[in-house]
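Naming follows writing order (A, B, C, D, E and F), and every chain is counted from residue 1.
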Amino acid sequence: MSDELPLLSVRELKALEDASGRPFASVLVVKKLAIKTASNGNPFLVLDLGDRTGSFGCTLFSDGTVFDTVKAAGEGGVLRIEGRVDYYQGRLSPKLLKVTPLSEDELGAPGLIDNLVEVAPEPAAELWAEFQTFIDSITHDELRMTVRGVFEEIGDTFKWTPAAVSMHHAYRHGLLEHTIHMARACKALLPLYREVDADLAMAGILLHDTGKTIEYEGSLATKRSRKGILQGHVVLGYQLARKHGIKSRLDAERLERLEHIVLSHQGEPEWGAAVYAATPEAVFVSMIDNLDAKMGMVQRTLRQANEHDEFSERLMGLNSVLLTKPVSPAK
Amino acid sequence: MSDELPLLSVRELKALEDASGRPFASVLVVKKLAIKTASNGNPFLVLDLGDRTGSFGCTLFSDGTVFDTVKAAGEGGVLRIEGRVDYYQGRLSPKLLKVTPLSEDELGAPGLIDNLVEVAPEPAAELWAEFQTFIDSITHDELRMTVRGVFEEIGDTFKWTPAAVSMHHAYRHGLLEHTIHMARACKALLPLYREVDADLAMAGILLHDTGKTIEYEGSLATKRSRKGILQGHVVLGYQLARKHGIKSRLDAERLERLEHIVLSHQGEPEWGAAVYAATPEAVFVSMIDNLDAKMGMVQRTLRQANEHDEFSERLMGLNSVLLTKPVSPAK
Amino acid sequence: MSDELPLLSVRELKALEDASGRPFASVLVVKKLAIKTASNGNPFLVLDLGDRTGSFGCTLFSDGTVFDTVKAAGEGGVLRIEGRVDYYQGRLSPKLLKVTPLSEDELGAPGLIDNLVEVAPEPAAELWAEFQTFIDSITHDELRMTVRGVFEEIGDTFKWTPAAVSMHHAYRHGLLEHTIHMARACKALLPLYREVDADLAMAGILLHDTGKTIEYEGSLATKRSRKGILQGHVVLGYQLARKHGIKSRLDAERLERLEHIVLSHQGEPEWGAAVYAATPEAVFVSMIDNLDAKMGMVQRTLRQANEHDEFSERLMGLNSVLLTKPVSPAK
Amino acid sequence: MSDELPLLSVRELKALEDASGRPFASVLVVKKLAIKTASNGNPFLVLDLGDRTGSFGCTLFSDGTVFDTVKAAGEGGVLRIEGRVDYYQGRLSPKLLKVTPLSEDELGAPGLIDNLVEVAPEPAAELWAEFQTFIDSITHDELRMTVRGVFEEIGDTFKWTPAAVSMHHAYRHGLLEHTIHMARACKALLPLYREVDADLAMAGILLHDTGKTIEYEGSLATKRSRKGILQGHVVLGYQLARKHGIKSRLDAERLERLEHIVLSHQGEPEWGAAVYAATPEAVFVSMIDNLDAKMGMVQRTLRQANEHDEFSERLMGLNSVLLTKPVSPAK
Amino acid sequence: MSDELPLLSVRELKALEDASGRPFASVLVVKKLAIKTASNGNPFLVLDLGDRTGSFGCTLFSDGTVFDTVKAAGEGGVLRIEGRVDYYQGRLSPKLLKVTPLSEDELGAPGLIDNLVEVAPEPAAELWAEFQTFIDSITHDELRMTVRGVFEEIGDTFKWTPAAVSMHHAYRHGLLEHTIHMARACKALLPLYREVDADLAMAGILLHDTGKTIEYEGSLATKRSRKGILQGHVVLGYQLARKHGIKSRLDAERLERLEHIVLSHQGEPEWGAAVYAATPEAVFVSMIDNLDAKMGMVQRTLRQANEHDEFSERLMGLNSVLLTKPVSPAK
Amino acid sequence: MSDELPLLSVRELKALEDASGRPFASVLVVKKLAIKTASNGNPFLVLDLGDRTGSFGCTLFSDGTVFDTVKAAGEGGVLRIEGRVDYYQGRLSPKLLKVTPLSEDELGAPGLIDNLVEVAPEPAAELWAEFQTFIDSITHDELRMTVRGVFEEIGDTFKWTPAAVSMHHAYRHGLLEHTIHMARACKALLPLYREVDADLAMAGILLHDTGKTIEYEGSLATKRSRKGILQGHVVLGYQLARKHGIKSRLDAERLERLEHIVLSHQGEPEWGAAVYAATPEAVFVSMIDNLDAKMGMVQRTLRQANEHDEFSERLMGLNSVLLTKPVSPAK
């Protein structure tokens, strides 16, 4: 077995037929990792390895040579793997022979991350640059400073976080993309709803989901964090807005209205809102959130659509399949 | 009693204290009218008379001198009334002494209709002119002809219909206003959601609620029509779109997608949709409908807000009161 | 391998133990067929083959000799298959060696279709003959002509369609059987509910589910059609009733009441009704529909019951298991 | 004031205009009666008096001359009343001057009860005779004896009880009428559903609501009894069936199936069923119950319909108004 | 009219019959007050005056002599009123002739407040003393300091606040009483659930509803405050716990668990919880909260029960009436 | 293969890698057993074998030597098994070579049952002794005799029954443990809620779930019995209380209140209650039931928690994961 082995994706590994024993190499991320104790008292690892094309599970015992490397990598760790194809209980379950963690440099190689996780289709750098212009568009000084303060604290995480664990914008940069899309919609709609305070609405949109940078953890393998489970992103985002609003000496009334947008943006308490939207800005933001969440599902489904199929699978968020065939061009 | 009596609104009539027997004059619309049979076999009328400031109920027996005039006027009839203030069971219940139906000319007098029913705040003529530009903006010929065909059939009614019996945009021209607001939002958002077919989305928005011109009847006193109860505006609007699509030789695929937008725009079957939205355009239209319905409630509540109160009454559609105080201006 | 191989059902194939490599022959229907694109750009087929005793999945690559025949047969195609038993990922996944589509003549062979799909227990021809007598029992001429007109258009399809994709009467001829059962119940109950117009109720029952002939497609492998997804059988059936009502010059009032029965028969909007039942006939039809749907589940469960088991599996439609043991005969 | 005063109904009393002080006489039933204690420690009565045309409330203090007679009559007592028309807080609130309880003989006067409470339209004696034939139609001896035993215990009460406090068949004899209607429907449908045991289904229908004879109390003024609140009619009816089944030595299996029909007939636990229907007979009975409850609302609404109105008021049980105009006769 | 007039309660005022014009005196609290603008531009007041026995509405115009005094008193103001009994639209609506605000001294008069609002049955001073012992029982120093810190900030308000605007413990001192009752239950149950951290559970109970001191405002006339509407008591209480936890240098883990108890104590998001309970302590506290809320409704209903009635009115929180007759003593 | 083979648990069997053909021995319980008929008319068995560490399925044909032994053992039978490891469809599916039913004596061997099913952590004998003291604590003689009577009838079964098939206290002795925990909580809380009749509350708690001894059957393999499906444990427990109450000559009022506690203890009809709790005792018991059910889930989850994991899996009954890490000890 040598370095010259071509790197196979998980989808390609699974497509091999009757390949037991065949050597292969792949670069994969540790999607899930649990440490269990066997009845003899020895620890063993149960893990999922995957890339953006799929994943498979395997079990590693403590006397295996790769045990320590995988345990050290942890959830989200990226590994170069060499092994032999094998099947356990009828499912792909390769033997891992050699496992090497990727260095920071290697991780930066062009396209590598893109092969490991689903990424927002618009380039993150451009999205981030556009994001700054939305912050700058807030004319009220303390409000703009409040927003800027939050992103100085969480900006790097914010850029990578998905907008959800499943459902809409559930991929790398998804939160940045969803927030930008809402900001664009906000800017387009503000001239139509003059009773909405433009600065508060824009600030509310930029901050509404920032609690998710704390609620989710792991940039390559996302799960809800302890804080996320115990407090929820609504309260966490409210705390962020409050902290930086006070720091920026934002007047009490605007701070209260800004906090209210964050606390109410989920729409209904059963979806996670702490209170119902009770200001024009809060109603406006929660409606735009709902619109872009649904349209984000539509966009993602169309991107992943197979040209042979007329309809997508059933989408939970829409309670329906989606017609993915484009409209025929006019004659 | 003479013609010189100043015309009182219902609110002013109710504000009179201890006014039993005092003569008055008003111009009022018959809001509700039911013909009942007394135990002696004689018919009598139970009716509500009102204007945009309120209403009161009264009962007329067949031997009363005004019985025939009111019966002939029917629901939605506009009457000049002279009477004496009286109370029945503690509520305002004037004696009607003289009742004259208003002529077409008198009805056209400036401001008269505006005193009788709540009217959309934007002038109907300007809204209607803007509406034409949205029809013209549809580039696909047969689609534009389909939309134009529907409004040639129902245009006059469409202009007067409220968007709902209660809830959002529930006032004269309300349907025109709500549809225009959606068309504006559609135009503003289309550049952000490129996967949405612009012509279909705009046509769908212009047609989505046209069934309400049949579901509701009476321009001054609105109630659900027999057709409205037995078929519902979703199916009635679908029928209108279908009829004019076929007439305009719209291709089968676009017709199907247009019909689907109408059939699914209510969002959820329990709110009246025949099917769930299953095309990008249908999801888009139903989300804009939801957004403008909620924002329409906000706008109307702010217009009616009392400067002495911080919050509105509880709004059914928002599950909450609304903070109606505007944001203080920045220092 | 030769023609002399006995034909095995899917249940028999699955019951073979450790039969890898054993040759077999079967007549099977293509239940599902999707064309996918492999990462190397080549198309491959993912399909389910089955008969009334069960089904299994398999994958065919474009260089396989049977690829073209299966692709041409499509969903619902019936194939004579010769192959060798094999297992993939622990599940039955035979190698297909020779595949021959059945000719029209062969499909007509006695019992063949009955082996492929579950069929209503009453003979279709007798059901269809009885169905004509229900049409003839409608005394109002234009109403009878309306019903007859619909079945002249859709009759052949109507005879084969199941009443549902899953749940009640979900098998070949199921829709015909369910409609006949409702017509019988209607005839039995009409003398008890004199305020129900007998002709309208019977016409409504015969037409209420006709939209399903368009909503479902494929007589051997049923799925929802594009039209079914985008419009739903309630609106499709309403359209059929309306078209033939107008053609038969049915008076406007009866047409409206007939359309209303179709639009409201599902009972509740969340179950698919466009409006709530608001005429005596519509309430009557929706209640009979509900009764026979539930009793249909009971009948089917009793037919399939295993004499060794006291209770059935849990039935979704009843929220319960069903006691399938018959009542002991009286002493 | 004298005996010659014509007896006025409540509807006629309310229709009098400006009649303060006018003497009147009526025969009325005490619909509700509560004994309260005033702040000075004296008891006073708060009561509703009514007949089938309506009711009004009044308050009686302990020093009034009629206090003792009304208190003794209690809820359901029938009184001949003489008084003077008066209004309290704008509502009819006559002064009661003389109150005489009606003797048993007077209560039996033709038409008297019919004027006091709404009564099932079919004559009770004929219904009761037909009821016996349904009991006799049960061929299984112990099962028939079980049913007969229950009605020997509760028959008199059963004949008078309404089927509900509000909603369907909510009037005198309503329970008898509803049960007969279900038995007729059962008899008509049994030939169509052969898998249903005819004797069990008929016995289950006759007994299913017998707990209501204990749940409701008062034949002229109905309310839920203490036992009704603490146990509910489902459990009370189950207890009746069980007691007489054991007495009649019904075999354990049939008794269990009969009890199950009673325990499950309400359909869904949230409507009061103790368990979901899990036998063919129980599903059958619960479906017929549902059908006749809905059709009973339709029948009652049509009976009460006003010829001037096209639609009824909104019916809670149907979630809709009902079109009460009969179908126009065929040309 | 003189000072010697006996003070009447609202219940006594309403019990007067035909008392128009009769002079009276009362001490009442302004329960609700809204400033409206008449069509002539003049302000007028719409208000409710009441005591613990009931309330009535009245309207004051700006030229009335009492206008300014009432406006200055505001909601919650306590007034000595002299007037004449009158009725408007059939309801008690006295003419107010002389209005004097009560001084602080007068408000302190024994029993005065008790006549104005419903008060918890246990003496507030004793409850408050017992409350201190529960704080002292927390053995973890920083946790105890955190709790003490919160009550140093809000203690006075906490003592007066009701536990709800309606429903359970909805009266003066109700929040203190409900919290004490929960603390007693917590102390009694802790030995049975050893896995629950006693200090955290007790601290969580003492703090769980402290946000209500901000959510509700007005000690004599309670309504939700602006902050209460925009943030809700769950988030407000979390903020209080957090602020004092940080101030008391409570370790991060305990602070997080304490905050989680407050955020999750409402049980279900639809009842107001920000997250579901996810620690043993949080489950424990939310269950005790639920138990004492329900038992509090039972206790209050029994206290208010009328000895003549067997059952209470229907209680929203129990979905039922309550049997208020005590169990008969054993023989 | 010999007796000396060490006994393996199911978890240990599954942990073996690539062990096809390896001989093994185990003591296992028949968790599920269904007799099916093959297409050739021969019966075969589909069964689950397991112990407290897990289970696996297998199929036995009638010509297998072990067929008769397993069929005779039935569900809940305990068998000593010798076989060879094998896999069918990728899952563990051993060949059974020799099967011996365990004798009563062998079943009594220390620890044996404990290895087969999950058992309540507190020793059953001690729980049962404590249970007697709770019965003895009921001071009302007939009430105590009623409770004692029920447990004389069902005691042995009661001791073994789990409190649920899944969810809370779903293990051997679980019902005894849950009832004891509720009795302890009742005793601790009674001094705080004086309006609750102590004897009735305690009797109600001891009896509330006794119907489960009939609803569930099988002490080693639990499933709902025929009676459990057709009547439900609420009605079955009510029947037990009623029978022994009458036998003990309990006065009618206490019997009614006791029955009501059993009928209402599930809280909401959709959870199985026959009626809503409507007495102080019934509200009290249903709240304690809810509290201990939730805390029982917490206790069981903490017992099973893995020290490597911070949170448990999602618990259906809590709608959440549970933080299973104990609170760090105070510094």
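Everything below uses one rule, namely that a contact is a pair of C-beta atoms (placed from the backbone, for glycine too) under 8 Å apart; a residue touches a chain by one contact, two chains touch by 3 or more.
Which protein is which chain? UniProt says A, B, C, D, E, F = HD domain-containing protein.
The model shown is predicted, which means the values in this text are computed figures rather than measured ones.
Both chain B (HD domain-containing protein) and chain C (HD domain-containing protein) are touched by A, D. Separation of chain B (HD domain-containing protein) from chain D (HD domain-containing protein) in touch steps, taking the shortest path, is 1.
Mostly identical positions are employed by chain D (HD domain-containing protein) and chain F (HD domain-containing protein) in their mutual contact, as over half of the interface residue numbers are shared between these two copies. Greatest Cα centroid separation from chain C (HD domain-containing protein): this falls to E. Separating the centre of chain A (HD domain-containing protein) from that of chain B (HD domain-containing protein), both taken as means of CA atoms, is a distance of 44 Å. Per-chain Cα centroids separate chain A (HD domain-containing protein) from chain C (HD domain-containing protein) by 42 Å.
Residue positions 87, 89-91, 226, 229-230, 257, 275, 278-279, 311, 320-321, 323 of chain C (HD domain-containing protein) are each in touch with at least two other chains. The full set of touching chain pairs reads A-B, A-C, A-E, A-F, B-C, B-D, B-E, C-D, C-F, D-E, D-F, E-F. Residues 9, 11-12, 15, 17, 87, 89-91, 306-311, 320-321, 323 of chain D (HD domain-containing protein) touch chain B (HD domain-containing protein) in their complex. Against chain B (HD domain-containing protein), the residues of chain E (HD domain-containing protein) that register as touching in their complex are 34-39, 43, 87-91, 226, 229-230. By the touch criterion given at the top, residues 226-227, 229-232, 234-235, 238, 256-257, 259-260, 263, 269-272, 274-275, 278-279 of chain A (HD domain-containing protein) touch chain E (HD domain-containing protein) in their complex.
Of all the residues in chain A (HD domain-containing protein), the ones that touch chain B (HD domain-containing protein) in their complex are 140, 181, 184-185, 188-189, 191-193, 195, 197, 200, 251, 253-254, 257, 268, 275-280, 283-284, 287-288, 290-291, 294-295, 298-299, 302, 311, 318-323, 327-328, 330-331.
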